[in-house]
Every structure is written in C-alpha cells, then in structure tokens.
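Note that the chains are named A, B, C, D and E in the order they appear, and that numbering of residues resets to 1 at the start of each chain.
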Amino acid sequence: MADTAIPAKEPFRLSMLIYDRRYRSLTFQVIVFILVMAFGWWLVSNTVRNLEVLGKDFKFDFLSQRAGYDIPQPPIPYTADDTHLRAAVVGVLNTLIITVLGCVAATVLGVIVGVARLSNNWLFARLMTVYVEAFRNVPLLLWILVVFSVFREILPPPNAFRGEDPAASMILFDNVALTNRYTAIPTLGMTNDPGSLDLGWRVTISWAAIAFIVVLIGGWLVHKAIVKWAQATQDQTGQRPTTWWMSLIVMVLPSLLLIWYFGLHMIPPELKGFNFTGGLNISNALVALWLALTLYTAAFIAEIVRAGILAISKGQSEAAFALGISPRRTMNLVILPQALRVIVPPLISQYLNLMKNSSLAIAVGFMELKGTLGGTTLNQTGRELESILLMMGIYLILSLIISSGMNLFNARVKLKER
Amino acid sequence: DTLADVKARGELNCGVNTGLVGFAAPDANGNWTGFDIDVCKAVAAAVLGDPSKVKYVPTTGQTRFTALASGEVDVLARNSTWTFSRDTDLKLDFAGVNYYDGQGFMVSKDLGVTSAKELDGATVCIQTGTTTELNLADYFKANNMTYTPVNIDSNAEGEQQYMAGACDAYTTDASGLAATRAAFADPENHIILPEIISKEPLGPAVRHGDNNWGDIVRWTLYALIAAEEYGVTSKNIEELSKSSQNPEVQRLLGTSDDLGAMIGLDAEWAKRAILASGNYGEIFAANIGEQTPIGLARGLNAQWTQGGLMYAMPFR
Amino acid sequence: MQVSDEVAISISNMNKWYGTFHVLRDINLTVHRGERIVIAGPSGSGKSTLIRCINRLEEHQAGQIVVDGIELTSDIKNIDKVRSEVGMVFQHFNLFPHLTVLENCTLAPIWVRKVPKKKAEATAMHFLEKVKIPEQANKYPGQLSGGQQQRVAIARSLCMQPRIMLFDEPTSALDPEMIKEVLDTMIELAEEGMTMLCVTHEMGFAQAVANRVIFMDQGQIVEQNNPHDFFNNPQSDRTKLFLSQILGH
Amino acid sequence: MQVSDEVAISISNMNKWYGTFHVLRDINLTVHRGERIVIAGPSGSGKSTLIRCINRLEEHQAGQIVVDGIELTSDIKNIDKVRSEVGMVFQHFNLFPHLTVLENCTLAPIWVRKVPKKKAEATAMHFLEKVKIPEQANKYPGQLSGGQQQRVAIARSLCMQPRIMLFDEPTSALDPEMIKEVLDTMIELAEEGMTMLCVTHEMGFAQAVANRVIFMDQGQIVEQNNPHDFFNNPQSDRTKLFLSQILGH
Amino acid sequence: MSEIHAQTAQYVRDTMLPPKPPPENDSGVVKWLRSNLFSGPVNTILTILGILIVWLLVNHFWGWFTHSVWNAGSLSECRQLIVERWGEGSTGACWAVIRERWMQFTFGFYPSELYWRPTMAFGLLFVALAPVLFSESRKIRRIVLVTAAVLTLGAMLLLGAPAVWLIFAAAVFAAAIVAAEQRPSLLLIFSLLFPFLGVWWLWGGSLWGPIMALMGLVLGWAAFMLLGRLSPMLAGIGMLLVPLLWWVYLAGAAAQDAERLISLSIPAVASDRFGGFLLSITIGLSGIALSLPLGIVLALARRSDMFLVKTMSVMFIEFIRGVPLIALLFVASLLLNYFLPPGTNFDIILRVIIMVTVFAAAYMAEVIRGGLAALPRGQYEAADALGLDYWKAQRLIILPQALKISIPGIVSTFIGMFKDTTLVTFVGLYDPLKSMSDAVRASTDWKGIYWEPYIFVGVIFFIICFGMSRYSMYLERRLQRDHR
C-alpha cells in the first residue's frame, strides 16, 4: 500500500485572503464594513455641508427655549411658558400613556375576540370575523377619524346639559357626563389631606396616593404569600384550600381603611360656563385614539390568539382529558402555558406597532411625541433635523425596551429540545 | 442663483397650501386656483413669460419652510405669517404682504357670546402648525383667562368638530373663518367675533441670501398692487401700455425706463405679471372678494388711498 | 396471568357516526378484568375510534358502553370517573412539552386525585423506575428519544393507577430499536395482570401476551379468537388477506 | 470487483469536536480505490460525522484527511475540487423539490462543471436509466415514492461522475418494500467498481458487497474486518452486543 | 378461572353490515340551530347579543343610507334634494360627490385624457405577476389573465385609449395567455421588463430612460460574467460598481442622445399629478418591488455567520422597525435633502418611495428570513455536497424555495404597506383618504361634505386588502399541502 505523500502545511499567502475559508469571511466583512462606514460618512459630511450652506447649526439649545403653545391635559404640570424640552417630555408621557392603555385594552379585547372566533356559536363567530376583517383591511388612519367622529356626532355637547329641561343628562348618579368633547368624571377630594411629595421638576405626588400604592403592593405581596401557602398545603395534603376570599380581604380592606382615614370623597363635575369643571375631563381625542388603536390592534391580536390556540395540537388536550383533567384545568395547566409561547412573540410586535401607530394621534389632535416634539415644536423652531432625529431616537429606545422584554420572555419559556 | 435656475428649468416651483378654499386648491383636474396661486402665476409670467409655467408643490404646515430652504420650491406662497423669528432664525425672506390677516374667533350664535373676552373656560379648536397656537396662548394669558385647546391637524376635521359643538369657538385667520362660515348649511347661526387677536401679515417668502430673486418676487407683488392703485387692469393694460401718459404707469409697464433690466428681467415683466390674472384688486375680487362664496371685504387690504394698508413702493 | 369473571368493559350494540359516515357498526364486546386484548385491522377500520369511545374521547350515538360498572352518558361526573379509571397511551405520546417528565407524571394525580405532591412524586418515581428511566425524571420530553418518551407516557398513565389501560398503536411512531423497549414495558405490565386493550400490528407481541385478538374491518368486529388460532387458522377471508399482508412483508 | 493499490481516501489521527464534545477520536482509515466499505455502529457513535468530514460538510479540528491526493484544509478551491470528486447520498434524499428530476440531475453538472445543457441532460438520462427510472425524468420529486426519490438522489450524485460515493443510511427512511430497490441499485454500482463508503444497518447488503466492515462506537473505530469474519466472529464485546441487538430484533 | 375464558371463544362475522344513516335527532335545521346558536345559556346570550349589535348598527345607519342622493352638483343642492324628498330635518348620504369625483379619487390629478395609461399599466401588472403569484395552477392563471384582459381592454376603450395602444395591450394579453399555456417561463421575461415599462407608462417621457436603466442591469450582469472568470470577489464588486457608475454618470446622457436619434416619447406626466389610489398603488407596488431585493440581501446578511455583517444587518432592521413610518416619511420630506449632496433635489414621490422601500425592506427581511429558516438543512447540505458555491446555492436552490414559502408573508407586508400609504398625507402628497378628501372639500361646491368620501375610500381599501389577504390565505393553505 503506497501512502500518498501528505502535503506540508502552507504558510500564509496573500491569496489566502480570498481563497481560504478562515480569512475570506474576514476579508468580506472588512470590505462590507468599510463600504457601510463610507456611506455613513458620506451622509454625515453631506449634512455638515448642507447645514453650512443653509447657515444653520446642529444644536439642541432650542429645547430650552419657551415653547409658547398649550397642550390640553398634560400629564405633568405644563403651561405655554415652559420649555420645548418639557413639551417633549409631555409628549413622551402621552405616548406612553396611550401605549400602555392601548396594549392592555387591545390584549383583553383581542383574547376575547380570538377565543370567540373559535366559539361554536355560529352567529357570534361570524360577527367577530366581520369585525376582525373590517379592521385589518382598512387603514388605521380612517378608523381613528371614524371613531373620533362617532364620538363627536353621537354624544351631546356640554351645553346640552344646561337648562331646566336639558337635552342630555349625566349618568351614574350625576357623577359622569359623556359629552362630545370629553368624558367628565369626578375627581377625588380629601378631608384629611396629608399633602404631597415633591419629586422635583414641578412634579408632585400626593402622600395619599403613595399610601395607596404601598398598601396595594403590600396586599399583593400578602396575596402571593397566601397563594404560596395554598400551594404548600396542596403539596402536603393534596387538598387546595379556597383562598380567594382571604386575598380579597387583604387587597380591599386596607384600602377601605385608608379611604376612611383620608376622608376620601368624590367631587362630581359641574357644568360651569362653557364646560364641566370640578371633575376630571378626559378628552375624547385620548379616548377615541385609545379606542381606535385598541380596536385595530385587537383585530390583529385576535388572529394571533386564535392561531396560537389552534397551534397546540388536539393531542395535548386529548391527553389531558384521558388523564381525567377537567376542561378548565386543561386550559390552565396544559393549553395556555404552551399557547403563550406561540402567542407572545407576535403579540409583542403588535405592541410595538401600537406604540408606533400612536403617532397618528396628530389626526385627532392628541398631543403625543409626534404632536409636540415632531409637530408644533419642529414647526415653531424650524429645527427639523434635531427634532426628527431626537424623536426617532426616543421611539427607537421605547421599541428596544419593549422588544427586549420580549426577548427576555422568549428566553425564559423556550421549550427544551434535544 | 434662483433666477438662473428657474429660467434654465423653464418652470417656477411654487410652494402652496394643500387645499385652502380661495387661497390655493386644486380642482378635479389638478388645475390650481386661488389668491396665492395668482401670485405664483404673476411671478412665473414675469420671469418666464408664461403664467402656466408653474409647478405647484403642495406643502403642509410642517414641510413648507424646509421645502423652501432645501430649494425644492423657489417661492413659498402659502399663507405664511411674517414673523421675526421666521425672517431671521428660519432664514426666510418675506417679499411683502399680499394679505393682512388677523386671528379671530367664530362662535355659534346661541352661545350668546359677543366678545372674545367672554370666552373664559371655553374649548377652542385650533389648526396646528401655524402661529395661531402661539397667539391663542398669548391672548388668553394676557387676558387672564383659561381655555382648553383642541389641536386639529386639518381644516375639515376642525370645522366638523366645531359644527358638532365639540368646541365653543373656532379660531384661525379671519379669512379662513369667513371661508369656513360660508360653507356651513346655516351660516346665519354663526358669528365672527369682533376681536382680532393678532396681526397675521401673509405674504410670499423666498430663501434668505438670494436678494435678486427676493427683489423679483417683491416687486412683482408691488407691481400687482401698484397696478390697482393706478387703475391698470388686465382689461385695459394693452391700451394703457400704448396710451398712458402717467410716467409711473409707463415705467411700470416698461414703456419708458427699463426697470426690468435692473432685476435681470426684460422691460415688459410687470405687464405680463399683471396680465396673468389681473391686478391685486382683480385677483382679490376673483378669489376671495365679496362676490365669491367666501365673501371677504377688502378691509385692511384696501389700497392705502382707500384707507387700507396696501401700499406699493414707488416704481422709480 | 389470570382472567377474572368480573366484567371490566361491556359494549353492546354500539354505533357511531362521523357526520353521516358510519364508523362503528353494532359493536358488541365484553372485556373481563385481567384480559389482554389486541385489536387489529386495516387502516381506517375504526380501531382508534373504538378505543377512544371507551374513555369518551369520542361520543357514541347508539348502544351502550359500560366501563367498570359505570355507563358512559353525557353525564360529566361519570365521564370523569371513567377517565380516571382508564389510562390511555397514544401513538404520538402527547407528552406535555412544557413540563418535566416528573411533572408530566404528577400533574393528574395532584390535580385530579388530590394526592399530596410528595406522595405523587414518590409514585411517579416508582413507575418511572418500572419503565426504566428514573434518571430522566427532571428532563423535558423534548430531550428524550422516542422510545423513552413513549415509556414516560405509559408511566404517566400508570400514575393515575388505572384499572384498565388502552393503547393506540403505541409503537408505530418509533424506530425499530426503540420498539422493543416499549413492548418490553408493556409485556411486563401484562404480566402483572393489568386489563389491557391494545391496537397494534406487532404480531409478536399479540402472540406473546394477548388472551384474545379482535380483527376489525369497516367498523365491525369481523373475527375474534385466541392468538394461536387467530394467526394459524383464520376463518374469515378478510382476516386471511390482512394477515398475509402483515406477515408476508 | 478489484481493489487497486491506489489510495482514494486517507485519514490519519483525525479528531473532531462539537463544542467541547469529542465526537471523533483519533480516526485512522485508508480506503483504496475500488474498495467498498460499510460503517456500522450504534446511534450517536459518529458514523455520519465521519462521512460528512470526508467531503467537508463538517470541519475536522485535528489530524489529516486526504481525498484523492487533495488535503482538506480551509482552502475553498481544494474543498470545491474534493466535493466534485465525491458524491454523497443522504438519508432523507434531499432532492430539490422545486426542480424536476432531470433538472435535479443536471443542475450541478451545468453550474459546477460547466457542461453544456444538452450534454448534461444526456448524461442525466443515462444515469436515470441506470437507476431504472428514466420515465420519471420530468416529474417533480414530490410526485415520486421514497425509493424512487432515493434512486434519483443516487443518479444526481452520479451525474457529477464522482470517483468516490458516500452513503449515509440511504435506506433507513424508506418503507421495507422500497429498501430493496435502492439496495439493488447500490449493489449494481458496487459491481462496477465504484469506491464506496456506506453507513448502513442492512447487514445483508454488507455481507453481499463490502470488502470491509468498520464498527464504530463512541467516536472511535472499534473493529474492522472483512464481512464474513465481522459477522461470524466478532472480536470486541461491543461489537458482539451490537450485532445481537441488530440481528436479534 | 381458566386461561381461556368463555367469552374469548371464537367469533366470526359471516355477513358484513351495511352503513346506516345516523339517527334523526342528529341532523336537520333544528339540530343546526340548537348546536350552533342555542347550545347552553352562554351561547344563547351570545346569540342574542349578536343579534342586538347587528340590529343597532343597521337601525342607526339605515336611514342615512336609504336617503341617498346620487345626482347633484354641490353639497347644498344635495341637502335641498334630501329635504325635498324626505322632508324637513331628514339627513342622508350625498353620494353625488363620489359620482362627480371618483375619477379624481382614483387617478388624482393625472391628465384625464391619459387615464388609460395607468389603467393599462395596472392591467398588464397581472401578466407580470402571473408567473410569480399564480404559478400554482393553470386554471387560476387562465381565469386571472382572461379577466384582467377583458377588464383592462374594456376600461381602456372607455377611457379613450389610442388604437395603437389598445392593439398593443390586446397583443400582450393574447401572447401572455398563449404563453401561459405553452411555455410559462416566457412570462418571466415580461415580468422582468414590466418594472421599466410600467414606469414609462406611468410617468411617460422617453422610453430611452427606462431602456438605459435596464442597460445598467445588463452591464452589471456582463461585468459579473466577465470578471467571474477571474475571481468571484471581483465579480461581485464589478456587479455592483459597473451599473452604479453607468447610472450615475452615463445613463442620462446616453438616454438623451438616443432620444435625439430615435424619438420614443409619449407625453410626460409629472409626479405632482399623481394622487388618490393611483398614488397609493404606485408607492405600494414600487415599495414592494424594490424592497424585495434589499430584503433578500438583509435576510441573507442576518442569517450569515459573519459577525460584522450580521450585526449591521440586525442593527439596520431593528432601527427601521423601531421607528414609525410617519417619522421616516418626515425624514423623506424634511431630512433627505440634508443627507444628500447640496443642490440635489428630487421628486418628493421618489423620496417617499425610497423611504417606504427602506421601511418595507426591514419587514421583508424578516419575512424572508422566516422562509429561509423553514427550509430543511438538508437542502443546504445537498447543495454543498454537489459542489455549488454559496451564491449559486442561494440562487438556484435556496432562494427559489424560500421566496415561494414567503409569498403569503410578502402579500401581508404589502397589505400593511398599502394601507400605510395613506400616511403620505402628512408630507403633502394626495393620498386617497385624507388629502384627496380634503382637496375635494376645498372646492366651494363640496365644502362641508364629510362621511361620504371616507366611506368610499374605506370600502375600496377594504375590497383591495381583503381580496389580497384572502388570496394569501389560499396560498398559505396550498403551500401547507405542498410542503408535507
């Protein structure tokens, strides 16, 4: 047997940059990187030259100038005398508010509709299908306008509540007024006001609110402990004690005590002059936007939920049934934990979409980030480069926060495979 | 050099509103008409000799100044208020004023309000993206009143909002209020309050730095105004250019002294500008005057000789 | 391997339709406690459906099924009782992939039988040892081989300590090397006297442990006999044809 | 079936790791031109990995592999050369479902060997005839049975006119009826003197055509011998155990 | 107790039972109603709730819909007619505005004598798409092509298209229908040419422009072929660089010279005349068509094992997906001029298309990545084992399959993008929904009209998007069947 001569190890040659697998990918990456960097540099240098030609600079000092415009219902104290920066912060907070409200409502509605579409009630399932298809196939902008207009056309104006024999009347024991501008709800008053905590930046929070939060968190922790105890008891004896009433007491009773202590009471809204005052007026722009975003996103979520549940094979529920596990428990113990893994990733990307879609609020005059920083501020100061870059940066950060939440979840629930 | 660019292109890029009745709006075939449009036409006629050589670039409140600064449009004729910061910080040059406007309020009659001072606590609909927001804030602050703003992006939504009673008052430039009111099914039930809370001099703007081009736009505008002052109309202009003995008219129409050469144009530039859609008065009457559905009175926009503010600098 | 006189399952004149398709026709079958029955038949003959009717994964429309003295009707309580008496092993295992092997085995005892966790885990470990994979207790099903998964599925059923076990082609999704380990487990179970109904094509298994072989075709029981006679002396033409296909291969 | 002195593949002291897992340990193997080698061993013993190293679908980390005089290093030119000399047939056929059988066979000759289309098609038809399915040339793989697909996969490899063929369990995904037709094709190929390395558990095939059987376990070559001695007189305990499992079942 | 029990005694059936019909109470209308609408209290409540919702909706809008006016010249005339017909105080829909302006909603400000051009382009689009979207079944392709042909030719005739073009369109359709039967691969040639022809038909001007643009691709391919002999690396660079240089420096001049020699011009239509659904469809289609190659590159980069390439691709995709489209549109209208060399100025529609493309590409990349991931590893390995290099394997084996799997995802992306084109209103373009409606309202005749344009535009959007989503579902089902 003649062994073939085994070639000696090659030294490094230049051609290996192209022909050797190990080096080639490096070469390629470096080339691509250089090209991308060059492109980036080209953009930046163009920008610098353009700014020069236009005689503009790239500074963010306009943020500290007086904004000069009003924002309805700012979540933190804000007047026209505040700076553009504060206006931008108000915008971000409004974006966050609408996003959180929208995500919560859309999830609830989406899950209900998604399950309803699987229901064996023919009529109801069909209706849900119509709803889902209608919202998925028509631009969101139109839905926002439609919902906003429906509020405006159907509800009475505040002055319809006026007079001896008003055309409209308040509901819920004269505590809530639905008008075509806002929903007037009572505010809370205290006879025993403990004052407020100053968080700086003219943001204050009432001690009473802090007390409630503390009590609620405490109650929740106790509830957790109760559940843990129930689990332990079950592990010990096999019987799970009924605990919901204990949890209820723990959650509710301390709050009731606090209400009594602070002398909390409702101050109903009152029609004075043009508008209701005294209470809290939640503007229809917010409600309509919230509703439109909710309805639109829920239509997509419903499809995700439906697909998620359908994706869990019939075999899983059959196996559970065959073990004698009841349908409700099967849902909780077997189907949902698995369906969630399928549902959550696309669900989060719907949350992202909702957050991004909230920028359409300019159509109804709800002043979120796009309306303040990317709208009036940009318009009044003429700093489009700075404003838009900053705005995109903020959106990006919010997106990254949401999507890193998703990655965390995915990593946690990933099914173990061989 | 904008003039050379425009000539080389053979077309004037004119930034206009996306749709504002009477001032600038496209019809079903995309033909633009309106008060601002006629300014564009006059400039195009003066520079290129043909009022139809205009490309209208619709701009929104947010994109208009950038469109001008970036050279996308040569002149911005989009009811923009001449303010200090726009003239300086935003690097615009306003070529003059073609409409003296002011911000006002419209309210429904049955509200029983007769003065803006009575609007304390009211809900006010505003169109965003203009100076109106700032004026409104200033006005209520100065008068120690509170209000709830409803910032609406588009005119149509704002009007709809107002009509349904979702705001007590609608505020925008008085000209816009008149136009809006005119389109209502029941115009008699709405009144425009007497207070004008701001000065809103509207005029065409050009880029800062190109003074020659600025001059052309400015003096085209003046030519329109002056023409009215001297009684030069699109009807009698041919005749006058032959027969007029008024030296000012002669200079204006280029029959004596070549003023055009001083701004890089030919002698008949102003004549063509006037011919495009008539003098200032004709343009006003045709687009927004009392005979039109919008029905604006001349008011401040009358010639100075009639007690108004329209005052063309001398052609000399 | 003794068979008692006690009746474990009795099916009489049972009929079932899917829509208008008549899947099971006039089924009559009595299974005694301790019997081990193998059901064979061509694909689509209704074997799975029959087995699934016994623990009411499918509903029958006519006739009677009595399991352990309880008649299967729409009464949910009866169904629950029957299901916790009857264990079932599926072709595709149907383990719960989000739970560990141990959790798979203790889930039903804890939530259905209300057994304390400790005790449930002890039982589970006992049965896992029986199927010879106690060391995999804390792995997830996805990390096991097919044969191991099927053995876990068997252990999971056994943890409910059923009196009857149903198997629906438990080995047909497995690689040849793994079939043996599952069959061994089942044989061991049979030797302990468990009442078993098993749909399978493993004729070796049938000959080794079955008391009776039932041959089904077109939704009907065509032939039944003890394994020896069934294989060596089939009566019906259909059975002969089927056996020639199965064994000839 | 003659074996030449020429060395087709020489592997010396080859080691491979997946991460920190040592899959192949000190493999030494010389294959002569015309040899037909069968590789056997329990699941996970590294048979597939070994075969895949030979045409560099996997990279080895230590030692040497020389195929047809070309050492496998990271130089892509060498890799390309080796791959067009070595044909490979996979367990799951891996035909290209979007191309017809004929296109599957002509793709590589046209794009890699730059053969004119006409000629490539003629060659392809020739090999399709050899594997006895010329009439299927214009069908899509999805329209064929498993056995036919595997034969197409063999024809596809042959179209590149390789000097060495590698088979990785070519019959294990097939139904019993189809196994034979594929094995027949392979036997025919062997008779023509093709150098073959074949991972398989078909012991009949091994006895019929192999010059040598290699038994692997835990990433090592445990035993090699001619088929007769390998089956009738295994030396190592592991081999004995393995053979008893395979043949006993 | 014996080993063999009495009951195990042998049993043989001698006559097979015939199938019987199911028992009575298991079928029929009553059964259907009971099991689908009124099975249990919860279901009954849901049914009643459903009926209530439907009744409320119908009740609310019925009056308004039935009081419709189709013939009127202005809103005030409409109002008058409604009052006349249905009495004082009644309200109704004034569809007259749609009747008068629907061409404007469809074509924007496109010159009305040239309406046939976009119509033809849109009709022939189906020919171009036939090999891609309808490749599955001959029957469907036949139906689609014939329907498209009839509708397009009819519409062109009504819109007064010149005879030459009518004959041309008819010829193309006829050829396509024949080709679809005989040699479907011929259709691909038309698909390839269509983007260039489509641009020409929509914008008009000289045909030489698109021809020279196409030349760039041809040159790139030639460079690739020539340099490919020397080195694949060089070939890749040449393939990118040559067309780029050609387009930037030579194509324009070449087109002008050629035009001077042989004039191939049709009347040009400027971008500012685009509006309404024409604008939406133009932006949507160009966005999708252009984002496809970009998306493929990004998806391949994201799946690559080269760290830098992968990171850059991930960063780009995440960046684009992290910001709202509306922000990118503002970048197009406000910032793009900063980023390009001073003095560059191009069409806002083009700028918007660029940003929409970039936006869609990020989503497309994710869709295609899914398609790539769905391919079994064996396909890659088989290609490797046959000696195909990376690019050949991608082009011949991987992408054709991955793209096919991705078609449903691509269609959904397109639906999303098509809906999002309404956002161009915020940068001053005439989208059908808001700008066009506002433009209609800006005429004195129709000032104050509100719901009718919205409803009209919404319904059209629904029809288009719903059609597409149904189609993609159909495809999905088909693919599932094929890929078992």
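Things to note:
Keep this in mind: contacts are C-beta pairs under 8 Å (C-beta built on N, C-alpha and C of every residue); 3 or more make two chains touch, one makes a residue touch a chain.
Chain identities (UniProt): A = ABC transporter permease subunit; C, D = Amino acid ABC transporter ATP-binding protein; E = Amino acid ABC transporter permease.
Bear in mind the structure is a predicted one, so any value in this text is a computation, not a measurement.
The set of chains touching chain A and also touching chain B is given as E. The central chain here, found by comparing per-chain C-alpha centres with the mean of all protein C-alpha atoms, is E. Seen from the Cα centre of chain D, the chain whose own Cα centre is farthest off is B. Taking each chain's centre as the mean of its CA atoms, C is the chain most distant from chain E.
Averaged C-alpha coordinates put the centre of chain B at 41 Å from the centre of chain E.
Note: centroid distance chain C to chain E, computed from Cα atoms, is 52 Å. Centre-to-centre spacing of chain B and chain D amounts to 84 Å, using the average Cα coordinate of each chain. Chain A and chain D have Cα centroids lying 56 Å from one another. Residue positions 76 of chain D each touch two or more of the other chains. Among the residues of chain E, those in touch with two or more other chains are 330, 334, 337-338, 426, 434, 450. Residue positions 145, 149, 362-363, 384 of chain A are each in touch with at least two other chains. Chain contact summary for the complex, chain E toward chain C: residues 1-5, 7-8, 10-13, 16-17, 19-23, 26-27.
Residue ranges of chain E in contact with chain D, taken from their complex: 376, 378-379, 381-382, 384-389, 392, 396-397, 400-401, 404, 482.
If you check the complex, the residues on chain A that touch chain E are 18, 25, 27-30, 32-33, 36, 43, 46-47, 49-51, 53, 116, 119-124, 127, 133-134, 136-142, 145-146, 149, 352, 356-357, 359-360, 362-363, 370, 374, 384-385, 388-389, 391-392, 395-396, 398-400, 403. Contacts from chain A toward chain D in the complex involve residues 1-4, 6-7, 10, 16, 19-22, 24.
Chain E makes touch with chain B in their complex at residues 75-76, 79, 100-101, 103-104, 108-112, 270, 272-273, 275, 330, 333-334, 337-338, 343, 345, 348, 426-430, 434-435, 437-439, 441-444, 447-448, 450.
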